[in-house]
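Look for chain A in each of the two complexes below; its partner is chain B in the first and chain C in the second.
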Partner chain A sequence: MQKVKLHSKIQNFKFLIVIFIFSFLFLNLATKATQAQSLSLSIWPPLLEVMMQPGKSITQVYKLKNNGETDLAFTSSIVPFKPADELGNIKLENSRLPPWFSFQNANLDLSQKFLLKAGETQEVVLKIKVPEQTLEKDYHATLLFETIPGVFLGQSGMQTQAKIGSNILLTVSQSGQPLKKAEIVKFAIRNLKIRQLPIIDSFTKPQFLLRIKNTGPALFKPAGAITASGWFGQKYVLNLLPENVLVNSTRLVGCENQIDAKFLLGPYKTKVEFGLDTLETDYSAEITFFALPIKFILGIIIAVVVIWFVKAKLGVDKRLL
Partner chain B sequence: MKLKISVLVFGFMLLVLSLAHPVGAVSSVSSDNYQIDWPNLNMGAGLPSAEGVYKLGVTTGQTAPGFYEYTDGYRIRAGFQYIHSIIPFSFSLSPVNLNFGTLSVGVLTNEQTITLTVNSGSAGGYQVKAQENDLLTSNANSTIADTTCDTGDTCDHDTDFGTWTDTSTYGFGYTMTGDDVPSGFSSGTKFRNLADAPGEDPVKVMGKTPVEGHQAGKGKIATMSARINISSTQAAGTYRNILTFIAIPTF
Partner chain C sequence: MKKKILLILVALFALAGFFFLRPKKISSQIYPSLTSASATLSNSRLSFYGALDVGVSAGATTIVLDTDGTRADESTSHLFPNDTVSVGPNDNFTVGGIIDATTFFLADGLTVGADTGATIYATQSGTLTVAVTTVSDIPANGDIIVTIADPPSGEGNDKAPDSTSSISTNGFDFNGITTANITCPTNWTAESATAGSGDGHTVICNATVGTTGPTALEVAIGVGGTGLINPAAVNVGHTAGVADIYTINVKTRDASNNTKDEVDVKVAPVEAVLVSATVDETLSFTVAGRGAGTTSCGKGAATGIVSTATSIPWAVLSSANTFYDTAQQLTVSTNADAGYAVTIEENDQMGKNGKACSGADAGEAVNCIKDTTCDGAACDEDEEDDWETPANNGLGISLEDETDSDAVFQYNVESGGCEGVAATDFCARQIADMAASETKANIMSNTAPVSGSSVYVCYRISISATQPAGYYYNKVKYTCTATF
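After this line comes the complex of A and B, so read on.
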């Protein structure tokens, strides 16, 4: 009798194990099916800067990864761009670049369709070959990979397509040292407190507005700093971000760091100095701003008014009593 | 009894196989006949090939970030000078398709959302732009127009942001919420049209640059809420189009 019971228990246990395994597998597969509803791509490098002589060629490896859980079909293209604004964003153009760009991969050409399986990386070797006699100037393009939408079996709705790109800044120069020229369009304080007067609150960190225009024939990066010097000998150095300023465009240039003081007081003589790609002081501009404890003074005024009002009210009440 | 043991063994093997994810090489080249786990050869001396005879799949080229200067007539810099990272620029969409199902008439609840995730990695800043290939179009070539503003709201959706709270305002539009979305959407209370290709340029739906306070390497998430409202005179049919997202780092 006991043997029968034991056998029955073992049977139940085995049955439970089988149920557990199948449940686990079902859930595992079901999760994968749900996650397959997303699309995820990555590309490296995000930016390529090249300076080369006419007649030369270079290669650069790009890595495109399908981080999603479904295989994706892609195609690629090289699209010229121009600056869209002063922040470094781009606007892709409909025009075409000369056929200097190609893939060195044995089994993949530029513009050719290819399949990238889930989780896999496609390495492409981009070759840029600039012919002899090419005009010495800058060329801007984006290497663009785009998914090819699959079949949509739903009802009314939208299929999505993703494009991911990486920008290429190409300077063609025989000497390797093209002429670089800039102009400081504006150097000012952004967060002024009292209309256009150069006054900020003592508890606020000044935000500088620096607009640099490229007036030369080749792109450059400003290399320099903003230095703010106070009355009492305080000195704050803010390094400029080495952002690319393209030909015939203006760019807002920020700083790598902020003034690391919690309280500023008095006048601050502020100077921006930079060179083009080299740490020089070829270009400079100067402003002075004043830091005053505006919020603190306002707080005191309000407190005095409230106290005066309360006292006056109490005085009236006492007289009435 | 033997059959039961077999079932158990089979189940256990399935479990083990399900749990044991293969450890794949980070990058590899493979086909049915070969696999190369180190496809990137940086010491190539010309690609071996013979026209019409064979073509060998060798990848050569610069892979590391940084600045390379040669006296050979060229300089290359891959990546941003001020970001010391080789984390790639990533972009994700979820879900892949927006399925509105059967549309109800004269309501503002025909909405579907899509989540955009960006990790700018080693990029200085980024932007995501959106564009539709055409109006939502049925097989019979009927269309659902881009939405207009509510009566009394003088906006132009093609260039501006407008309110959409009136059930008699018809068409298709979208709004954005989350990280790095244009402030004009007012936390999802204002709507816009999608730009139509090829005549209209794609419009920015998400993005930030260092000057605007962007910090490289931080994951950013935004949600697009797409809305369709149709009138009772809208022709029956299945309406579809293609929505393209373009994610590009700054320069």
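After this line comes the complex of A and C, so read on.
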């Protein structure tokens, strides 16, 4: 009888262990997987710059990778954009582009849904075919890949989706050398010390503000430099960043480097010179700024005032004594 | 009639074909004298000029390029299969293929070894055709002289491409060109072809019969199988895909060598990038949920609300005039020079059972949870304001930099209408409502490459006691794109 009871206890214990292991695995591993879930995408290349003749076509391979832990469904689209600001950001538009864009994949068309398993990469071959008689100008678009959300029922909430896009800067030109024109909207010093006077502190590196407007029919990259020349023959050359300036837009253009000096003194004649896509001096503007040891002088003045005040105070105290 | 039309069509087609097939003219700088000046390279590809990273023995086929920063070409991006290269003392070897950015292989093994630093070059040569229209008369025995940019003395006629630190000192290799390789205008004869020594190669065509202006003249240099060798890129400051521009001077003279007309024209050899330049960069974007017990924007996730990468499950909002908080984490990496931007949008405001919420401020009266207008009734998708009073109901977001500083505003930093004085602050914005045609706003951006730049997007919701019961939901989209 006791043997039967013992056997029964062992059986119950075994059952409990199985339940415990099952619960442990389910509650821990399953929960961790949910919490670690992320939606992670990569795209290559993120920017494509193309110049094409009307009537020609090109293909470009794009790679979309699902870096997350779960399989994802996607759809794709081509959406026109225009510059959103002067920093190179885009504003996607609701309008449609002409049907020049298509996928060359055997089993995938543009806008068609597709599944991308976790860790896998989908290559798509984008074909751009510009018809004959196409107006010679710039066309800007973004190739977007968008996740398709699953079903979301039974509670209040928000479904989140991710879109990742690659910008396409397409110039249609018969000659391959479209007219390029620019205008320097502003060339100035950002960090002026005394209101609007062109004065900076000697210990401060000047920060230049260069705004370039594209007044021609095709995008360009400024190629040139800002040169600051001091009284004593010092010369500092700051190369302009080759940033795209789109048609009818203005772009803040920065420099690749900064003035490499810890102390500046006196007037600095500063000239910006650049060409459009080629290192020329077709466009230029000049300003002069003064570097003065303002902080140092202020420190001296404060020190003199303090010393004068202390001396005066000591003089009064002595007289009182 | 049909024949005439056909004739006109054929003529037009021929004219179009002429313009299309003719090699493109490089920009010309026109001076007051000679007009319609142009210089055309039949092959505008820059020559390749690099060096061997490590010495190789006879029979070697794998070649690694030196990348010490002093060579015109330090990558294989400008070298293609079937190009003919010289490796040290080994001439005329064929490139079999490209292995990676700095390594290529030859179709056949080298005949003799080559030392570390030995020159590797692939010449690109062709015909330079100079066309001008004269203004002044040129008498018999007058001439036209073409001066071509050349490298320093001793290097300009060794049949190898040249590369110096600046375009002003670099130029074409004359490649042993003689008068036999020059084509002069009709009734003109090739008088001389002289390799330069730092002051320009010169080619002179002599007028056997005088001409009156305007007369179109054309001189071709490098015909008959011996072409002018294009320079390699300058080895300082050259950008791949951007042409190096060289000047060709054209001058007409009388019989006493007095200048009659003159013009500078330019040629622009460039790497073999024809119409397309792809920026070899990547962009990665990750959305992740924030688990229970985490803190974002100074707020712990509300009990029972655990976000995932694809949802913000508010579950049951049981208390009125109470803030419920949760968050997601966005992470971006890109090596794009100009950086990236992430925007946020919602398809509509949160509607009961997903119903449409007409207008940007549709509220509980029409079964919607409106987007917050914050405490000062002043925030929208572009402008932030403090939102710390739960009785001001709605849905909004704030941001916190997790790494770097790419959030366009932060929950506890003074900006817009936000005071940003305390850690308990919640500086908020709306999410752009696409149904109300609002403009998607940036929430995260950088104008330079970033590695793992991360921001918390903190969602907050509050409802009134009179909000109709039901399931409310909408869709939020993040869009990540590279900056152009």
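Everything that follows uses one rule, which is that the second predicted complex is superposed on the first by the 282 of 321 C-alpha atoms of A that agree within 3 Å, B and C clash if a C-alpha of one lies under 4 Å from a C-alpha of the other, contacts with A are read in each partner's own complex, and residues count from 1 in each chain.
By our rule, a contact is a pair of C-beta atoms (placed from the backbone, for glycine too) under 8 Å apart; a residue touches a chain by one contact, two chains touch by 3 or more.
Only a predicted model underlies this, so the values are computations on that prediction, with no experimental measurement involved.
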Clash or fit, chain B versus chain C on superposed chain A: clash
Which superposed partner A:213 touches (first chain B, second chain C, both, neither): neither
Partner chain in contact with A:205 - chain B first, chain C second, else both or neither: neither
Partner chain in contact with A:278 - chain B first, chain C second, else both or neither: second
First (chain B), second (chain C), both or neither touched by A:121: first
First, second, both or neither for A:105, with chain B first and chain C second: first
Partner chain(s) touched by A:45 [first = chain B, second = chain C, both, neither]: both
Which of chain B and chain C A:246 touches, first, second, both or neither: both
Touched partner set for A:160, first chain B, second chain C, both or neither: both
Contacts of A:181 with chain B and chain C, given as first, second, both or neither: neither
Superposed model, chain C segment overlapping chain B, candidates 7-15, 97-105, 169-177 or 367-375: 367-375
Common interface residues of chain A - those touching chain B in one complex and chain C in the other: 37-53, 56, 58, 60, 67-68, 83-84, 87-92, 140, 142, 144, 146, 149, 152, 154-167, 169, 176, 241-244, 246, 254
Partner chain A, residues of chain B touching it in the complex: 4, 7-8, 11-12, 14-15, 18, 24, 26-27, 39-40, 47, 49, 55-63, 65, 72-82, 86-103, 112, 114, 117, 119-125, 127, 132, 136, 198, 201, 204, 207, 209-212, 226, 228, 237-251
Contact set on chain A toward chain B in their complex: 14, 17-18, 21-22, 24-25, 28, 37-53, 55-56, 58-61, 63, 65, 67-68, 70, 83-84, 87-92, 94, 104-107, 119, 121, 123, 125-126, 140, 142, 144, 146, 149, 152, 154-167, 169, 176, 221, 241-244, 246, 252-254, 256
Residue ranges of chain A touching chain C (in the complex, touch as defined): 34-35, 37-53, 56, 58, 60, 67-68, 83-84, 87-92, 140, 142, 144, 146-147, 149-150, 152-167, 169, 175-177, 223, 239, 241-244, 246, 254, 277-280
Residues on chain C engaged by chain A in the complex (per definition of touch): 24-27, 237, 239, 242-243, 245, 268, 275-289, 291, 306, 308-317, 328, 331, 334, 336-341, 346, 350, 439-440, 442, 445, 447, 459, 470-484
